[in-house]
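The letters A, B, C, D, E, F, G, H, I, J, K and L name the chains in turn, as written, and every chain counts its residues from 1.
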Amino acid sequence: MVRVLVLNGPNLNLLGTREPEVYGRETLADVEARVRRRAAALGCEVEFAQTNHEGALIDRLHAARGAFDAVVLNPGGYAHTSVALRDAVASIGLPVVEVHLSNIHAREPYRRRSLVAEAARGCVVGLGALGYELALEAAVRLAGKGM
Amino acid sequence: MVRVLVLNGPNLNLLGTREPEVYGRETLADVEARVRRRAAALGCEVEFAQTNHEGALIDRLHAARGAFDAVVLNPGGYAHTSVALRDAVASIGLPVVEVHLSNIHAREPYRRRSLVAEAARGCVVGLGALGYELALEAAVRLAGKGM
Amino acid sequence: MVRVLVLNGPNLNLLGTREPEVYGRETLADVEARVRRRAAALGCEVEFAQTNHEGALIDRLHAARGAFDAVVLNPGGYAHTSVALRDAVASIGLPVVEVHLSNIHAREPYRRRSLVAEAARGCVVGLGALGYELALEAAVRLAGKGM
Amino acid sequence: MVRVLVLNGPNLNLLGTREPEVYGRETLADVEARVRRRAAALGCEVEFAQTNHEGALIDRLHAARGAFDAVVLNPGGYAHTSVALRDAVASIGLPVVEVHLSNIHAREPYRRRSLVAEAARGCVVGLGALGYELALEAAVRLAGKGM
Amino acid sequence: MVRVLVLNGPNLNLLGTREPEVYGRETLADVEARVRRRAAALGCEVEFAQTNHEGALIDRLHAARGAFDAVVLNPGGYAHTSVALRDAVASIGLPVVEVHLSNIHAREPYRRRSLVAEAARGCVVGLGALGYELALEAAVRLAGKGM
Amino acid sequence: MVRVLVLNGPNLNLLGTREPEVYGRETLADVEARVRRRAAALGCEVEFAQTNHEGALIDRLHAARGAFDAVVLNPGGYAHTSVALRDAVASIGLPVVEVHLSNIHAREPYRRRSLVAEAARGCVVGLGALGYELALEAAVRLAGKGM
Amino acid sequence: MVRVLVLNGPNLNLLGTREPEVYGRETLADVEARVRRRAAALGCEVEFAQTNHEGALIDRLHAARGAFDAVVLNPGGYAHTSVALRDAVASIGLPVVEVHLSNIHAREPYRRRSLVAEAARGCVVGLGALGYELALEAAVRLAGKGM
Amino acid sequence: MVRVLVLNGPNLNLLGTREPEVYGRETLADVEARVRRRAAALGCEVEFAQTNHEGALIDRLHAARGAFDAVVLNPGGYAHTSVALRDAVASIGLPVVEVHLSNIHAREPYRRRSLVAEAARGCVVGLGALGYELALEAAVRLAGKGM
Amino acid sequence: MVRVLVLNGPNLNLLGTREPEVYGRETLADVEARVRRRAAALGCEVEFAQTNHEGALIDRLHAARGAFDAVVLNPGGYAHTSVALRDAVASIGLPVVEVHLSNIHAREPYRRRSLVAEAARGCVVGLGALGYELALEAAVRLAGKGM
Amino acid sequence: MVRVLVLNGPNLNLLGTREPEVYGRETLADVEARVRRRAAALGCEVEFAQTNHEGALIDRLHAARGAFDAVVLNPGGYAHTSVALRDAVASIGLPVVEVHLSNIHAREPYRRRSLVAEAARGCVVGLGALGYELALEAAVRLAGKGM
Amino acid sequence: MVRVLVLNGPNLNLLGTREPEVYGRETLADVEARVRRRAAALGCEVEFAQTNHEGALIDRLHAARGAFDAVVLNPGGYAHTSVALRDAVASIGLPVVEVHLSNIHAREPYRRRSLVAEAARGCVVGLGALGYELALEAAVRLAGKGM
Amino acid sequence: MVRVLVLNGPNLNLLGTREPEVYGRETLADVEARVRRRAAALGCEVEFAQTNHEGALIDRLHAARGAFDAVVLNPGGYAHTSVALRDAVASIGLPVVEVHLSNIHAREPYRRRSLVAEAARGCVVGLGALGYELALEAAVRLAGKGM
């Protein structure tokens, strides 16, 4: 059975209360519930985690080697500034699918580029919580090599 | 029943033979077959089209008003250069989900920014033909307002 | 009698329904009516046309040689990206007055520069449909050489 | 009766003798005469003024509140460099139409952007002294709210 | 016998009358005649075409596969702005030699970079109509693999 | 007793009526009253002045030498464009504290940099009229050398 | 009674010994003492904290919701590079006043822009330890809504 | 006898006391005395003036037409920011020699470019008060047409 | 005896398995062994540490004061993005030698500049694990003041 | 008989052994042989030279005046960096055709612009050794004025 | 007696014949004659030299130490591109005055900045051959320490 | 026995007297002595050379093929500007280690990038004369393939 780590970065713990006009009113727990339902439908295992620490994200990605077959990663604001996180994604030899709740292409200039996306296999952006479900499906297929 | 237009831009007619190390070996007909299977599963109607002409893409988007409930758009190279196409997406009052086969964040600098994405609701990039299926699901949900 | 071609680019066919908070609620037919009334007052002949195709705009400009004495051109989104259209304006040996409905100086950075304006004689921007009337008057004067 | 202030910035007092290959041979008095003839035809009142001082332009704009219904402004070289003048235009709550004699889009890079135009309602550029007449008509319409 | 498509982009149909101080007084028919004479000398077949439409240039390049052994392409103004045309050149698996009549390195900054040239095999610029003859010779050699 | 000049630049005379959603509804007289109350509490003397003229601001700064012990300066729009004003601040040998009513870091890109701030001792921005009071306190301390 | 969190970022624990020609000789304990004296005078409660970890700063800001009415934040070097910290400030729904000891406008180019300041209410920079006192006063007023 | 206006811009009235490590200890009166001695030696007439107002500099340049044969101009900080002053220099039809006391090429990036110098005939920079003498000699020669 | 801290940043724990075509096949343990052998030869003491957390790197550098005489630092991806780490290096009053395994000058543009290097004494880049040995020798000499 | 100087810049002496995957395996002697054969066919005289010294290239170009009727120049790496060489080309009053073996448009950003090409009549790039033959033919035609 | 080296860079040997509309019709020998006459009047010794080689300019500057008291340097095109020449000027401990015949501020963007001028004491530009005389006078004064 | 060429570029002959606050007081002869001592310890042969000529550096690098096994190169100011020198390093098929005496990352922006370093194997910067010794050790190891 394919195992997928769904890893969330800074400020996503505040989802639902934080700038709801941008990020919507679903909480991270709501997102997790959706992801778990989809995982059941897809027949895969998921672990769901969140941290505000860049270094902890890197540690989690490293620890995913051997323990998971693919990663869904919402790097939050670190997407745009972290070479270290980009390097972690490139380092672990697992397929990583990046997800953003809002459409980063329609926001401030410094959000348009994702350094992390350079090392990811693909991205799903602007589709809210549904984006997690779609990214999960992609991660499962990439883990199984059949796209 | 939700109706979705799947619209493809320049050079996608050559899919499968064009730079296969970048774009894979599936042809556009293969992609269409996948999209149709997914549409059946999702219970929606799809129309599938391709053109190399920027003006024709704009005409098709305009004509989608009334005829479709949502659009999946692969603007190809016009994504990066066409204000006119961006404006067409913004003009039609339909949810548009952009899709790119390759990971545009990991390619030439002039491919990193999509002007069209500014006006789209979301993007799915780098996930090959699967990206079309995921974008279709998102389009169906956006058309039905429930994400 | 002076003959003026009034040529409209991409998405202007949707005028009145497209982003009305930016472009107003007058339709292109309303604009044409205003232009025809002004033409009658100025004692000139007008032809009014629209297309979403960059190549068709170039073809129309070429065909204007001999058939018209001046051109009023709203290049829409091509204003900002098309060297080919700029070259067409420079090629035809007719005075061209560019018009934009909205104030391009107060919008996105990529709309601030008009490549086409480099080759035009002048520009009228941000004055809505009235801008077409003013541009028409300028075109008539330029055609008659008296400004 | 609509009252319009026609305000001219630096070096326009030299019009007719200054770089005539760029700005033409009409003097500022000639422009004023044209503007007054057009005002008569439009049935509006005009006051015509010129100063080389940025601060004096700001003072005049401030004083226009209550005394005029609209402004035609040729900010000359200050268009490209003055945030203070831009702010004055935004501050006074009157419609302002910017005018430039030459086509700023076809000159030095530092003339292509007008900071002042960001706060103006519209611009007429490159149409010589006729531009003042057209800007006056626009100002009268904007003052009357009917464009 | 080697078959070469000589494909011309926007505004080249006006050659000889368009900005002759930049592009010279030879017409496109004159250029075609020279190209045909050189083709005879080189012992190759040529087809000569022109269109102002970006999409049509892409269509013609696609159709060249199988029908021609090499292409001489003057993309005109699209050279500097079209990712889609660049991709078409990269897609067709034929050697393409780009040609420009004027010296693009000595003109406006936005003409200095050719996106299309990135995907072409080589370029001949600034040598007027003779450039077509030289590009043809290069195309013939590239088609025959011997440079 | 420490003497402080509170000097205000362009458009601040319109405070309270000018773009109140950005600058608030307090007038410059209200600000002066607050500053005078704080001055009384701090036991310092203040002179309060405003001008729209860049040259007059420079003249006032020069005249402050000998007459005042410190300056609170709101350079308005000149903050972002005036090397001459920056040089005046650097020239007078008095501590200058810059103040801005709105948060310049959250506005247009051309407002993010203050050239004048380079020569000032410090800045208080985005805190509305209270910012004047805080800047006054800082000026008093700087004049007395104890921070 | 208004409760204010005074939060300090990286390297501020070394204050007094670190580059004293830039940051002065007062230690962070000295700053805390000043802040506490001012808090007593203002009649507010303060908590004073420092960490070198970006993630810990974000955690502390999140935890401030409910526990504090306003925040004084010296983000140190993270001010210039952290989108994540900027997002945390925007997420918590509390007024945040940013403070910098040195005048960031007069230092290296990469220190001139504060990303965090975009989401803060205001900034006090270059006024040394006094800046904390002034920021505290502003925070208290913002918490009480009266500026 | 050749008549030369020596015109000085903002902050030059403080010469000798202002940042003496950059601008030296000679006052503007000292400079004037040197210029007058050199004028005597060269057999020309000079008028010496200073103002901090950009508009006043423009007025003086305009008034120089007919009254003087050449101008020596130290535009101070306006050199780097004023399109209006640049245009005044271009407008008056007199040879203008720009002078700067300090070496602007070795200072802050925003001092490296002089917009005014674009319209001047030449520049003398970094040579202190002697630079005025040299510029005067150049102005006299340019006025007499023999360089 | 000179004491040197050898501090390693993010992803270096994966050395040997991470992108071996870029970083080689030696593990961090191998590097440590080499460093210890060289330390023995140089007669110095070393402590070897690694962390993926930016804040932890800063904490370790702070703690090095008093405990070590010099530092060898491989900041990994933080080199290019961290003002906070740069400030930590500048804060501690110890000589720091930066080391990178790969040649950062020959990689992506965002790796070419090291902000941290601005505050370090020197850099050794592109020489693989040997670079650590050379940096150690430099650190020892800098600690002893004799280079 | 037309005389053409074929002048080669830095590193071209290593042709055939230097980065053969970029520059091919033909040596400079092979290129010379091809050029001489083509010269015979064209009925012109050629001199063939190479130097690694920028100054020597300039000296050779100067000496070409009077001795040659045209120049074929491969400036190598100096093409992208040398204003002095560009000026030499502009100084000598002879037609110069620039040639590059590789396609500079498809390489590093700093190779895309040729400063020298600004002053040359035209360029042939990316066509390997054949490019020299084509450039020679162009040079002969330009020398004879008939293109 | 003060000894001054007058050193000329690339292409200045062609003076009088090279682009005379830019550089005038005086030859370098004419310039030398003027310089020698001025030297006689100033009572100084001059040596006059020219080379097209950047390395030779550096060698000559180095050799000037001890042999000369000051240098007048026209670096030609190397002014804009040579860090090495800038370093040579900074290395020799002699006052250097840079001179350019044409007004570099009014030419191509890449001529506007002189790297060499950063290390020179001052510059005289745009004043033709007279500029050499003025630079010589400045060099003599700088050598004698009295400006 | 491994043979290493130690090649020095412009202005290094002045070492010890040139800007000693930047480059230290050791002369190039002192550096050579250190290098020779280290070479003896490492058991390799060295040749030590210096030239101010870019072309001569290229010639020496070319000549090193066959004669040496590795190169230590201090390109001085050419590091930042010379594509030709970068190409020479890439051309010769020998390992090259670049060395800079000062820390180029902490100096002027134009010194931060080394074009030459792109083609070198590694760099040692900011470590003064010791840097040559370390670079020599690296060169010896690279020549022997064991790092």
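Quick note on the criterion: contacts are C-beta pairs under 8 Å (C-beta built on N, C-alpha and C of every residue); 3 or more make two chains touch, one makes a residue touch a chain.
Predicted, not measured: the structure shown is a model, and the values here were computed from it.
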| item | value |
| --- | --- |
| Equivalent interface to B-C, taken from H-K, D-F or E-J so that over half of the residue contact pairs match | D-F |
| Cα-centroid distance, subunit B relative to subunit G, in whole angstrom | 46 |
| Whole-Å gap between the CA centroids of subunit A and subunit J | 54 |
| Whole-Å gap between the CA centroids of subunit B and subunit H | 62 |
| Residues of subunit J whose C-beta touches two or more other chains | 53-56, 81 |
| Set of all touching chain pairs, with the criterion as stated earlier | A-B, A-G, A-I, B-C, B-E, C-D, C-E, D-F, D-H, E-J, F-G, F-H, G-I, H-K, I-L, J-K, J-L, K-L |
| Touching residues (chain side subunit K, partner subunit H) in the complex | 97, 103, 105-106, 112-114, 117-131, 134, 137-138, 141, 147 |
| Subunit E residues within the subunit C interface of the complex | 9-11, 13-14, 17-19, 51-56, 76-78, 80-81, 110-111 |
| Subunit D-touching residues of subunit H, taken from the complex the two chains share | 53-56, 58-59, 62, 81-88, 90-93, 115 |
